[in-house]
Amino acid sequence: MEINGVIIDDTYAEAFPAWVSEIIITAANRYLAHEAAEHATGFASSLIGSGAEAGIDYNLPPDRTPDGRPGCVILVAHPSKQQLKDQLVQRLAECVLTAPTTAIFNGLPDAPEKLPIKLHYYGDGYEYRTKIKDRNVWAIPIMGGEFITEEEIGCVKGIAGGNFFIMGIEQMATLTAAQAAIDVINGVEGAATSFPGGVTGSGSKIGSKMYKFMKASTNDAFCPTIKHKNPHSMVPEGVKAIFEIVIDGISEDKVRMAMAKGIRAACSIPGVTHISAGNYGGTLGPFKLKLHEILSS
Amino acid sequence: MEINGVIIDDTYAEAFPAWVSEIIITAANRYLAHEAAEHATGFASSLIGSGAEAGIDYNLPPDRTPDGRPGCVILVAHPSKQQLKDQLVQRLAECVLTAPTTAIFNGLPDAPEKLPIKLHYYGDGYEYRTKIKDRNVWAIPIMGGEFITEEEIGCVKGIAGGNFFIMGIEQMATLTAAQAAIDVINGVEGAATSFPGGVTGSGSKIGSKMYKFMKASTNDAFCPTIKHKNPHSMVPEGVKAIFEIVIDGISEDKVRMAMAKGIRAACSIPGVTHISAGNYGGTLGPFKLKLHEILSS
Amino acid sequence: MEINGVIIDDTYAEAFPAWVSEIIITAANRYLAHEAAEHATGFASSLIGSGAEAGIDYNLPPDRTPDGRPGCVILVAHPSKQQLKDQLVQRLAECVLTAPTTAIFNGLPDAPEKLPIKLHYYGDGYEYRTKIKDRNVWAIPIMGGEFITEEEIGCVKGIAGGNFFIMGIEQMATLTAAQAAIDVINGVEGAATSFPGGVTGSGSKIGSKMYKFMKASTNDAFCPTIKHKNPHSMVPEGVKAIFEIVIDGISEDKVRMAMAKGIRAACSIPGVTHISAGNYGGTLGPFKLKLHEILSS
Amino acid sequence: MEINGVIIDDTYAEAFPAWVSEIIITAANRYLAHEAAEHATGFASSLIGSGAEAGIDYNLPPDRTPDGRPGCVILVAHPSKQQLKDQLVQRLAECVLTAPTTAIFNGLPDAPEKLPIKLHYYGDGYEYRTKIKDRNVWAIPIMGGEFITEEEIGCVKGIAGGNFFIMGIEQMATLTAAQAAIDVINGVEGAATSFPGGVTGSGSKIGSKMYKFMKASTNDAFCPTIKHKNPHSMVPEGVKAIFEIVIDGISEDKVRMAMAKGIRAACSIPGVTHISAGNYGGTLGPFKLKLHEILSS
């Protein structure tokens, strides 16, 4: 299969189930909402070493948020519901409650399951219940004014680890293609990327052949500089750089849609030669997201 | 004391000792260095609920970095040296090693103490030692090319919790003043702010009167909306919003310099009426950073 | 009439007819498209001293542009069709043809009138005709590769000078409200603002009482600092700052919609007390955009 | 000559004399100063079709500006002193006087020649003279508050058209190198770039072989896609894209320094193979900026 002259490998991305919440962060302006969202989703690249996987999912214009202010929606994912809850409590308290002019609303109001994120204790008794349109919220007096937060945050059985690899003849061209992919994935509501800027330059394999104490190590089969030293190398001839996009989402459909749009965008950038994906023989998870299938629908 | 008509309270900021490291993150361009730095310092507002306190300290032009590329220097702080090390390992592995085109260098090469941040294990045996100018580094083959990292990261006995309060007649004006302060503090090398965008709208007191299980709660004495309910309120007449700037640094001097510059910048914005600072009767730490003294030197 | 406690004056914005074109600028990524769009719409605040009025109208995701790359749509307006054409030729040649990786497409393909913007002469004979999907374009060899441009650019009878005033108790709060308005106006396709950042701090009146050679001068009736010197002052009691939003659009409807959304957003920011609008007794133009009417629909 | 494996052609950039002014634009925060500066230097790529050449030169921290607020310094150049003055009057009136919270100061206070930029007439008699530190300024009442402007703007005999070409094996890699060059040139006070984002993808030659009415046309000798059609092609084997950086400055020295730093930065990006420069047999101007000489000092 080819798109725009780029070879699409006949392979699949292996993904795993995760509980996923979405939180609407609003603020007096888009910049302030974005700063809080960036901070709340920082240090959340992958479960290998972060407490959760998290990313900015999409921006909401004022006429789509509960309080009529600009909003930024973040996605947070973890296989354990309890740990997802703990991460939400800490990240929202540390990074959103503390940020200037922000408010918090449930981004998945239709989700049947809810996590109780009890930030109102921070009000030390001065807090009170109120309503913003049809939402039950707490108002917590703070130094900057009042902090508004919904405490019932919906969560759904979603999916983590959707991914694809972009391969090219040169590092910066390949990276530009990865950034083009991120740009369009940002528009898919319900799917988000968790790495810095959405792109990773160092995909991993599970475990390590040499260092047994490591949970993960470099994905050596896809490292171009050691192609000729590594008998198991899967780097195609002429490929000098590979970047990976990892996608989490509220459903398999959303992740597939994000993969399809991202791959097409990457294939529009000169210098890209191959698209592939990461899979680990079923050790990572049960989902198989086949590239050819995704790109044919 | 007054600056530009703004009353400077005769009080002090209470701060505590912390181990502090600085890491130079370089990348192919400033944007990429900044993205990695943002991510590595995310979810790091305060030790109340974050694993460390961290922030971007300053940008380095290419001619001041070890590898001649644009750099962004981050500051990470923790009272425990062991926990600082653990946080550095996780944050640098998750947020910088994974980011496109980045490299890591020790930002405090003259510090006598060093923390071993052994990222090279990630290379699974394909890594090798090399030199970038006078720096001993590891080169780790990754999908995007090679990741370069110095593994001996200097740390010093620094200071955390330097702070000041900006009070004004209106929320957005006071926030603008806080942002002006941040803008100038960003230029002080050796001092950084850890909250989202550098400003917090919800300063805290230690513990809680009402909820005994809380480590911290709202700084009620400085919450304008409950001024008339709270007999202990310290909100001056006419003040409608208070924002706090919290500063960590590699030395008391750097924090004092950042406080002085930040306060002066805040006082240049119309609508600001008072500057104060947070202290807790010595329960937080031994440093007393007196506003009048800082602003007189 | 009041919104959120803010008084809406019973007045109207006076606007005038103008020819309006829209141009889609695409590029390898959103940043590059935006840079070219910013440059092409620079030095274009108002016809008082600029060759045209121009602004960024909206962003287009890759799946909505002719060439599948991220796009930025600019709006350029002038009462004279000939001068609109001249400005398009110069601005597109100087600011988009020269920018890295950009392409140009007609943003109003359904407009019955077309302006011929003949950039292909720049190719010095090396240029050739080709197609991007259903669009007839020229490909011009340049140093960076090939520049693609559609040369028939649609134009319509639109409207310029739609406006409203935001008044508040303090400068920075009022400015924050103006920025909130801009943030939401940016989402209205077919309407754009031409001042730096979309906000003007110095509205004007036609001519000057004191300096007869001036085409325009300060809108003294709305200058807060001279309220007590100026018998004709229309600054309400307690108002300390007024910012104006000026909107051009492809139709009266689009401008009215942008005004309505912008006013509502501004009214959500604390510190705003009044909304008004600029009119000049019919000397500027025939359109009367009544605030109460616009906000009731 | 080689830098980092990149071949530096033994050639020179041809530049011409121009009058150059620098203006300090300050504002309540860095963002507002930058917006006004961007707008004031928009539509100013080259004298082929713009009224002037202009660009942002450097940022000033609050402690280096006359009014203690963040500043952005712009450079404006034109061979004719009268036209430079006219452009300054229009650009500063349209793009800075109108922008929120801005002020204007002379950026070359030591220049012996001064241009009178009489913005105070805009005040319609309500304006008054005052001082900001040692600067004589006018205060003009406007809707947003008061606009402060110095009216004597220094100008010097500078230089325009300094340039170099970056050539590489692939478009996006070569563009990344050009952006790396811009990033470091931004740090050279007294030199600025005028194209969108600082980089041009379509260098020009004087006149046109085919279309006699054109003042300038594509620099065909350096267009990679027509290498095999053009007997005069100077595109080296393997080069697929060329980007040009054009630099104006207050002195030949500043332009040479910016060229040297920019070339070195570009040579640090993988995929770049050659650096060259544009010259036109002395028809453009008297300055010959030799690459080897510049890079040896």
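The first chain written gets the first letter, and so on, giving A, B, C and D; residue counts start at 1 in each chain.
Just so it is clear, a residue touches a chain if its C-beta (ideal position, glycine included) is under 8 Å from a C-beta of that chain, and two chains touch if they have at least 3 such contacts.
In this text the structure is predicted, and so the values were computed from the model without any measurement.
**Student:** Between subunit A and subunit C, which partner chains are common?
**Tutor:** B, D
**Student:** Since subunit B and subunit C are copies that touch, just let me know if over half of their interface numbering is common to both, same, or not, different.
**Tutor:** The interface of subunit B with subunit C is built from mostly shared positions.
**Student:** Where are there more C-beta contacts: B-D or C-D?
**Tutor:** C-D
**Student:** Farthest chain from subunit A, going by mean C-alpha coordinates, please.
**Tutor:** So the farthest one, by centre of C-alpha atoms, is D.
**Student:** Which whole number of Å gives the spacing of the CA centres of subunit C and subunit D?
**Tutor:** So the centroids are 25 Å from each other.
**Student:** Any idea how many Å lie between the Cα centroids of subunit B and subunit C?
**Tutor:** Chain centres of subunit B and subunit C, defined by C-alpha means, are spaced 39 Å apart.
**Student:** Centre to centre, by mean C-alpha position, how many angstrom separate subunit B and subunit D?
**Tutor:** Distance between chain centres, rounded to whole Å: 35 Å.
**Student:** Can you pull out the residues of subunit C that are in contact with at least two other chains?
**Tutor:** In subunit C, residues 28, 145, 171-172, 175-176, 269-270 touch at least two other chains, as defined above.
**Student:** Which of the residues in subunit B end up touching subunit D in this complex?
**Tutor:** Contact set of subunit B toward subunit D: 28-30, 61-63, 67-70, 145, 176, 179-180, 183-184, 187, 261, 264-265, 268-270.
**Student:** Hey, which residues of subunit D end up touching subunit C in the complex?
**Tutor:** 28, 31-32, 35-36, 38-46, 48-51, 90-91, 93-102, 121-126, 140-147, 165, 171-172, 174-175, 178, 195-197, 199-204, 208-211, 213-214, 216-220, 222-226, 229-230, 240-244
**Student:** Which residues of subunit B touch subunit C in their complex?
**Tutor:** My answer: residues 169-173, 175-177, 269-271.
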